[in-house]
Amino acid sequence: MKRREFLRILGIGGAGTGLGFVLGKVTQTPGAKLIPYLVPPEEIVPGVANWYASMCAECNSGCGIIVRVMEGRAKKIEGNPGHPVSKGGLCVRGQASVQRLYNPDRIKGPLKRRGQRGSGDYAEVTWDEAAAELAKNLSDLRKSGEAGKFYLLTSQLHGHLNQLAANFMSGYGSPNHIQYELFQNRNLLYANQASMGLNTIPHYNIEHTKYLLSFGADFGSTWLSPVNFSKGYGRMRQGEGARGKLVQVEPRISVTGANADEWVPARPGTEAILALGIAYAMVEKGYNRAGDASAWRAALSAYRPKEVAAITDVKEERIFEIAKEFAQTRPSLAIGGEGLSSYENGASGLVAVNVLNHLAGNLGVKGGVLPNPDDPLRAAVDMNKRITALASAAASSKVKALAIYNTNPVFTTPKAAKLEESLKNIPFIVSFSSFMDETTALADLILPANTPLEDWGDGFAEPAAGAPVYTIMQPAVSPVFDTKSLGDILLSLAKSMPGNMGPKLQAQSFAEYVRNGWKELYSKNRAMASGTADFDDFWDKTLQNGGWWSQEPSRRGLSVSTGAASANISNKPAKFDGDEKQFPLYLITYAHPMRLDGRGANLPWLQEIPDPMTSVVWGSWVEINPKTAESLGIKEGDTVSIESPSGRISAHAYLFPGIRPDTVALPLGQGQVYGRYAKDRGENPIGVLPLVENPKTGALALNSTRVKVSVASPTGRMVKMEGSTKELGRGIVKTVSPEEFSKMKKEA
Amino acid sequence: MKKLIVYALTGVISLAIGYWVQQQFFSDRAPVQPINFSHKIHAGVNKIPCQYCHIYAERSRVSGVPNVQRCMGCHKIIKTDSPEIQKVTAYWEKKEPIPWTKVHNLPDYVYFPHKRHVRAGVECTNCHGDVPNMDRITKVSSLQMGWCLTCHTQRNVKNGRDCWTCHK
Amino acid sequence: MANQKSSVGIRGMEIKTLPKHDQSHISYREINEDILRFMTQTGPGYYIVLGALFLLTILLYALPWAYQIYTGQGVTGLNVPVFWGVYLVNFVFWVGVAHAGTLISAMLYITETPWRRAIARGAETMTLFALVIVTFFVFIHMGRPWNFYWSFPYPNTRQLWTSFQSPLMFDVFAIGTYFTSSVIFLYFGMIPDLASLRQSSTGWRKSLYRVMSLGWRGTDRQWHMHGKACMFFSSFIMPLVVSVHSIVSWDFALSVVPGYSKTVFAPYFVTGALLSGFAGVLLMLTVIRWFFPIMKKYVTAYHFDRIGIIILVLSLTWSYCTLMEVVTGLYANTSQELEHLKFKLLTPPYSYLFVLMIFSNTLVPLSLMIRKIRSCEIGMFFICIFVLIGMWLERYLIVPNSLSRKFLPWMWHDYFPSWVEVSITVGAVCFFIFMFMAFIKIFPVVSLFEVKEDAGIPMKKGH
Amino acid sequence: MAGIFDKVKDTLNSYRTPGYFKKLDHKWTMVVDLDMCNGCGACVAGCYAENNLPVVGKEDCGKSRAFSWLRIERYVDGEYPDVKVKFIPVMCQHCMKAPCEIGCPVYATYHNQDGLNVQVYNRCVGTFTCATYCTYDVRRFNWFSYKWPKPLDQQLNPDVTVREMGVMEKCTFCIQRITAAKDKAKDEGRGVKDGEVLPACCQSCPTNALVFGDLQDPESRVAKMVNNPRKYRLLEELNTDPSVIYLKRVMNDGKSEE
Amino acid sequence: MDILGLFKHADTMLDAAKRLESAGYAFTVFSPVPLVHEIDHAFGERKSYIKYFTFFGGLSGFFTGTLLALGTAALYVLPRGGRPIFFITPTLIISYETTILFGVGITLLSFFLFAGLPSFKKDVPSPEAAIDSFGLLVDDIREDEFVKLEKILKESGADEVKRVEEE
C-alpha cells in the first residue's frame, strides 16, 4: 500500500470516528433532571393521587365535588358520590372548572390602572401597594361621611362569604351590597314567596314523579340544579315503578325538551296562560285534588281552554288531555324554568305553575314539590337591590366607589341600561375578578381573587334535596398565581381601615372565619352534633366528606291560596317589543348549556364540546325553523342579521325543525371581548334586547323582543360537528314505544 | 474501484466505532452529579437499606429521591467537615433542592410502577446493578423493551407481554 | 408481406389493423449508433427542462413534504372519517401506471409478440420509476414516516414483528416483491445492451457500462442462460402483476366500508391499472417520438395501433366493471350503498367528476375503434391524457369519496385536498418525469438486442 | 415426551382458536341506557379531562378534527311540530371482532385479555388504516403536535401519555383506571369488585345512563343489565361484536321494532 | 493465443462452426443477438439447470413466507379482530409474494452462476462481436494451428480473421 493511500485511509477513519462520536452525542437523549422535595409535604406521595372534597362554584346549585390532586396539581374534578345534590355526577361546566383554575388568561397579580379607563393599560403592583391603595380610598370615603356611596357588586354569594360581605358592608356603613347575575332566580324566589310564602327555592322531586310537566325548564342542562335533576330524571325514566312521562312546553326544543315524550310548542309569552288553562280544565272536569273547586273556578274564569287555545296556539283537546293526565297520574309535578320566567311577566307564570301543583295536590308530597329548610346564613333576597339601581345611582354620581367581584354586568345587561357609561362616572372602581372582562376593564385597581379551587368557602345548596345540605369548599391546590382569597382581602381590608368595623371581622384569615362560622352552626344545630365527639372531630369529618347533610325533611306545609294566585296572574300574554309587521319573529334567548351566561366562554373545553342541540362549536348561531328560513331565503350557515327595535347583531343561521316557525332563538354567552378562547366568537345577543325588568323582582326579561331576520354579508363560518342528523333507517338509535315497554316490563 | 470500496468500508466501520465508543464510555450512563454522592459508602459500606432513602418504592410508581431534609437528618451530625456534605448543607441553607441528573430515564409512554416490582420481590440490584459497589451510579441495564420482556417472560408474569401492562 | 392486410375481430366485426411489423431495413450498427446518439447528443433544451423539473420537484414535492413532516399530517385536507385522501389515490394510481411495463415485457414475452421488443424497455423503466413514486407516497401518507421501518419484519430489540393479517403488510410484500422483480427484470434485460454499448461509447459511460455489464461477452452459453432465465422471470412476474393490484384493491375491499367492500374490486383494479398503465406507456412513447424523431424508426405507427386496440379492450372491460359496481350497489338496496352511490353519482362536485371519468375512460377510448385515430399521434396523445385523468378520478371517487359516507350519518364529512396535497401530487409527476428523463440519457431506453432480433438475424442465404 | 407433545398441541389449538383467548380475564362492557341519556355532554367533558384530549380550535373543528373520543350523536326526525330528537353517545365499541385490528400492520392495535381493543400509541406509525376500517368513526388522529398553553398543562393526567404527532388514538375505556383498580385489588389480594372501575364518562354521567363493568362477573350490574329486552348493539349487522350495549330509547316515533 | 473469426451473417458463422467441430476444435460463439434457436438447430438442444434453481427458489420462498407469517405471529401473541393467531388466508398471500420474490432472486443468482457473471477478466475479443458481427473464437491454439484455422474460417465465409493475444 502506498504511503499516500495509507494516510488517506487514516484520514477517513479518523473523520469517521469523530463523526460517529458526534452522532452518538447528538442522538442521545439529554439527561432529565430529578428534583427532590426540599421538605416533603405531608399527605403527598409522588405518583399517588389525593382527593379533596369541595364545592363547585360554576353555578349556584352548589354541587359537592371531589378534586383529584397529584403533586399539588388539580387533575380532574368529579361529583362527590356522597353528596345529596350531585350524587357523584357532575355537569360539563363543573368538570371544566379546572380550566378556570389553570386558565392562561388569568390575571396573574394585582394591577393598577396606568392609562385611560378602559384602555386596558395596567401596571403590575405588589399586594401591599394594592391593598394600601384600596384601604386609603375606602377610608377616605368613610371619613368624609360618604360610606353609603360605596357599592359592593358581586355575583350571588353563598354561605360565609356572603355573611362576611354583609358584615363588612355593615361595619363599613354602606347598605349597598348588590348581588347580580343573569340567572339569579329572582322571579322564582318572588313567585314562591308570593304564592306559598317560601323564602327558598323548594326541591322539585323529579326523581319520584311519574308525570313531569315542564314549562321551559331546561333542567337537564342549565336550570337550577341540573346535576341533581338529571340524576332524578334518570331515576324517573328507569327507576322503580312505572316510567315517568315528561311533557315540555316551550317554543324551542331545549336539551330537556329533546328528551320529552311530548313537546307542546306554545306561542312565546303565553305559557303562563296555558298553565292556567290547564288549571281551569282540571277544576272544570273535577280533577283537582286540593283547593276549593268553586273558588278556583271563579279565580280562573278568564282561562277557559277555548280562549286559551286561541291565545297559546295549543289545541283545546290537548289542554284537556294534559289536564287529565297531569291530575290523574300520581305523583305528578309541574315546573317552570327560565323559559317561563324570562318573560316580562315571568313571575306570574311561575305562580301559575304553583297553582297547577296545588290543584293537583303535588305540594309537599314525594314526587312533587318538597319544601327546603331555610338558609341559616341568608334572609330573603332584597328585590330592590338591582343592577339598574346601581346604574341610575352611578349615573347621578351617587356612587363614589365600587367594588366588583365575579360578575360581569356590562356584558349581561342591555345597552339601554347604559351601565358602562354610568360606571365611568364612578371615581374609584376596584375589581376582585380573576379574569379580565368587560366590567373589570373599567377598574382602577384589580386585586385578583382566588378561583374556587384555591379558596375556602361554603354554601347551602339551593335548591337542596328537600333536606339540609351544607357544603364546604376547601382549597384543593395552593394559588397558581399571585392571588388571594376574597375573604382574606376583605378581612385584612377591615383591619387596615381606621375606626371600628365591628366585632365580626376579627378572624385572622378567611379559613379561620369559615371554621368559626361552622363552629357556631355546630353549636346551634343538634343534628349536626350527633355522632361526633366534638367540633374538631366534626370538622375533620366535614372536610373529608365535603360538608354536612342530613336526611331529615323539612316539615313545612305548602299551599297556594286563590287570593295569592289571583293577585299575581294575568291573562295577557307577555309583551314583546317591536311591531308585529315590522319585526315578525319572536326572539328567545336562552342560557347556553356549556357557557351559561358567558362565564364559561373562556374555558376551551366548553368552546370545543359541541352544543347538544346544534353541535355548533366555537361560535354562536341563531336557530330558525327550516320553513321560515326558506321563506326568508336563508340557508344553513348563512350569516343573518337579527334586528330588533333595540339593536342589531349578526349570527349564523342554524336550521332546526324543533322551533316554532314564528320564533328564532339565540344562545347567550358568546361575543365577549376578553379572553383568548372567548373573543371573536360571534356577537352578544343581549345587544338586541330592550331593557325590560320585571317591576317586582328586577329580573331582566330575556325574551322580550320581536326581531326581523335577513341575510347579511357573510362573516366567518359556522362550525358544527354534525354531518347529517338523518338516521336514514339505519336503526342507529333504536326505540320501543311506551306501550311495548310497559309490556316488556310486565313480562320481566 | 477497489479503492473506493476500501474507503467506504473504512468510513462506515470507523463511524460505527466512534458511535460505539461514545455510547459506551462518554454517554449519560454515568453522568456527573451535582454532589459526588457515593452509593458505595451509603449502601455498601454502611449497609443502609435502599428503601430507607427511596421511601416511595413500595408505595408508588416512583421510588422517590430522598428529600434534602432527609439528607440533613443524618448529615447535621455526621461528617459535617467533608466538602461534599458542605455542598448539601449549602443547598439546605439556600432552601434549594438538589438538581440531580436522572440516570434511569424512561420515556413518557412507559408505565413502570416500582411498587409492583418491589412487591413481586424483584431485588433493586436486578435492574439497577450492583449499586452498593458503585461510587457514581451507572446505568447497567439497557431498559429497552426487549430487556423488560425477557425478564417478564422468565418470571412468567401474568399478562407480562401485554403492551398495556407497560405502556400507557 | 409488407402490404398484407391483417385484422382482428369476431364474425365480421373487423377492426382493421396495420400491416405486420417489419423492421428488417435497419442494420445492427445503425441501431447501436442511433441509441447512443439518442443518449449522448442532447441539446441544451433538454438540460433546461431537466433542471426545471428538478427545481419543480424540490419546490412542489420535497419542500411541501418536509413541511408536512415537520408540521404534521394536519396540513393535508384529511379529517376524521376521511383518513385516506389524495396520497392514497396517488398511491393506487401510480401502482396502476406501473402495471403496463411489466405486463408488456412479461406477458408479451411469453406469448412471443414481436412488437413488444422496441417498447418493452421504456415500459419497464416506467414501471420502476412509478414504483419509486409509489413507495414515496406510502411514506408521505404516514403519520410518523420516521418510523417507517417498523412496518418491515426484522429481528429487533422490541421482540415485536409485524402483523401479517394487515392488508398493508400484503402491500409491503407485494410492492416490495414487485419493485425488486422489476429492478431485476430491467437490469437483467439490460446486461447485453450495456455490454454492446460499452464497445461504442467512451469516457464515463464506458466505465459505467463496463462495470454494469458485469463482463457480459455475448457467448452462446450466456445467451442461452439469458433466454432461459428471462422465460422464468416472465412467468413469475405475470401472476405478480395481477396479484399486486389485487392486493392493493384489498386494502379497500377487506374493510366493511360501503363503497370499499366490493368483491369486484380485484379485477376492477387490475383492469384499471392496466388501462392507465398502457395509457401511460403510450403517452411516454408519443412524447419521445415528438422530441426525438430518431425514435420514429423504432416506435412505429404499428405500436400505436396495437396498444390502441389493447386500450380499447381494457376500457370496455373497465366500463363493464364500473357498471357492475354501480348496479350491484343499487341491487343491494341498503341505505349504506344507496347513500354512497348518491354521494358519488348525484352530489356535485362528485357527479361532475363521475361524468368526466366516464367520458374519459369509456367514451373517449371508444374512438379508438377508428383506425385513423389509432395511428394519429395527437389523437392518441389526448386519449392517453384523458384516460390517465379518468383513472385518477376513478381512484379519487373510490378512496376518499367512500369514506365521506360511512355508517353513522353524524360523522359524514366531506374532504377537499389542501394545497400541500395538490402540490405533492403535481410534484410527484415532475419527479417521475425527471427520473425518467435522467434515466433515458444514461441507459438505453430501447432494448438493443431485442430490436436487433426484430430487425432479423442476418443470413446470407435468407430464410 | 407426551407432555411436550400435548403442550405443543394445546398451543397450536389455542393459536387456531378464533379470538385466541379461551377465557378472558375480564370482559369489560359498557351499557348505555338511551332512555336515560339526556345528551347533556358531561361524559364528553369527563373524557377530555381524564384522557388529556387536546383542544384543536375552531378551524380544525371545522375540518372535523375534534378530539372527543366520546361524542353524542343527535338524530332528528320529523317536521315541526312532530319533531323527535334522539341522542346516542358513541365511543369506541371495543369490538371483539374489530375491523380496525386487522388493518394495523405494526400491531399498534390489538385485543387484549381483558376484552379491550387497545391502541399502543408509541407503536403507531400512522397509516390511518384502523380509522378507515372503523365502522363507528371513533378513532382520532394527532394531526399536529398539540400544545397546552401554560399553565393549562398542569391539568394533564400523568397516568395517560400526551400523544405524539402522527399517532392514532381512541377511547380506551379509561384503561388507566382499570389498571389502577387491578393494582389496588392485587395489593389487597382480591379480585376487582363491581363498580370499582368507572371510566370518566360513566363516573360523571348525571343521569347514570352509562354503566360499566365486567360481563364475566355474573353479579355485576352490567351482567344483569344485558338481559334487558331493550338491549341492542350499534350496527350489529356488521358482525363486529361490540362490547358496548345500548338499551333502546322508549319513545313513540312510529319506528320501534319488535 | 486465440483466433477469432468475424462473420457478418449468422448462417456462415454456423457453417464455420460446424466445420470447426468436425475438425475437432472447441470454439465459443459470440453474438450481439441471441442465436439460441439457430444453434440448437445446428448442434442439438442443450440442457439448462436454471429451472431447478427457480423451482427450489420458489419453494423455499413459499416456506419462508409461511414461516415468517406464522412464526413471528407465534413469537409475540397479539390477537387481532377475533381471528386466530395462525390465520391461513393472509399467510397464503404473504407466501405467494415471497414465492415470487425468492423465485426471481434465485433465478437471477443461478443465471449469474451459469452465465459466469460477473467476470471482468475477459472482454469481448473484438468490439464488433458485440455490435454487428458474429464471432467464432478458438482458444489456446498453437502458432502452427493458426494458419489452418484461418483457412477454415476464411473458406466458410469469415469477413475477418483476427489473432487475439491473451492479456
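By letter and in written order, the chains are A, B, C, D and E; residue numbering begins at 1 in each of them.
Definition applied: a contact is a pair of C-beta atoms (placed from the backbone, for glycine too) under 8 Å apart; a residue touches a chain by one contact, two chains touch by 3 or more.
What you see is a predicted model, and the numbers here were worked out from it, not measured in a lab.
Asks: State which chains count as neighbours of subunit A and simultaneously of subunit D.
Replies: B, C
Asks: Select, from all pairs of chains, the pair with the highest number of C-beta pairs in contact.
Replies: Looking at every pair of chains, the most contacts join A-D.
Asks: Farthest chain from subunit C, comparing Cα centres?
Replies: A
Asks: Measuring from the mean of all protein Cα atoms shown, which chain centre lies nearest?
Replies: Of all chains shown, the one whose C-alpha centroid lies nearest the global centroid is D.
Asks: What is the distance, in whole Å, between the centres of subunit B and subunit D, each centre taken as the mean of its C-alpha atoms?
Replies: 37
Asks: Just the number, please: Cα centre separation of subunit A and subunit C in whole Å.
Replies: The answer is 64 Å.
Asks: What whole-number Å value describes the gap between the mean CA coordinates of subunit C and subunit E?
Replies: 29
Asks: Taking each chain's centre as the mean of its CA atoms, how far is subunit B from subunit E in angstrom?
Replies: That gives a centre separation of 61 Å.
Asks: In subunit B, what residues contact two or more other chains?
Replies: 163
Asks: Which residue numbers or ranges of subunit A touch two or more of the other chains?
Replies: Residues 47, 722-723, 725-727, 730, 732.
Asks: Can you list the subunit C residues in contact with two or more other chains?
Replies: Counting only residues that touch two or more other chains, subunit C contributes 81, 159-163, 165-166, 169, 407-411, 413.
Asks: Hey, which residues of subunit A end up touching subunit C in the complex?
Replies: 722-730, 732
Asks: Name, in rising order, each residue of subunit D that touches subunit A in their complex.
Replies: For subunit D paired with subunit A, touching residues are 33-36, 38-42, 44-46, 48-50, 55-58, 61-62, 64, 66, 68, 71-81, 83, 85-88, 149-158, 200, 203-209, 229-230, 232, 234-235, 246, 248-253, 255-258.
Asks: Give every residue of subunit D touching subunit C within the complex, in rising order.
Replies: These residues of subunit D touch subunit C: 60, 63-66, 71, 73-75, 90, 99, 102-107, 123-129, 131-133, 135-137, 139-145, 164-168, 235, 238.
Asks: Write out the stretch or stretches of subunit C touching subunit E in their complex.
Replies: Result: residues 27-29, 32, 153, 159-166, 169-170, 173-174, 176-177, 180-181, 184-185, 188, 191-192, 195-196, 198-200, 210, 214-229, 232-233, 236-237, 239-240, 243, 247, 448-449, 452-453, 457-461 of subunit C touch subunit E.
Asks: So in the complex, the part of subunit C that touches subunit A is made up of which residues?
Replies: 81, 335-336, 339, 407-413
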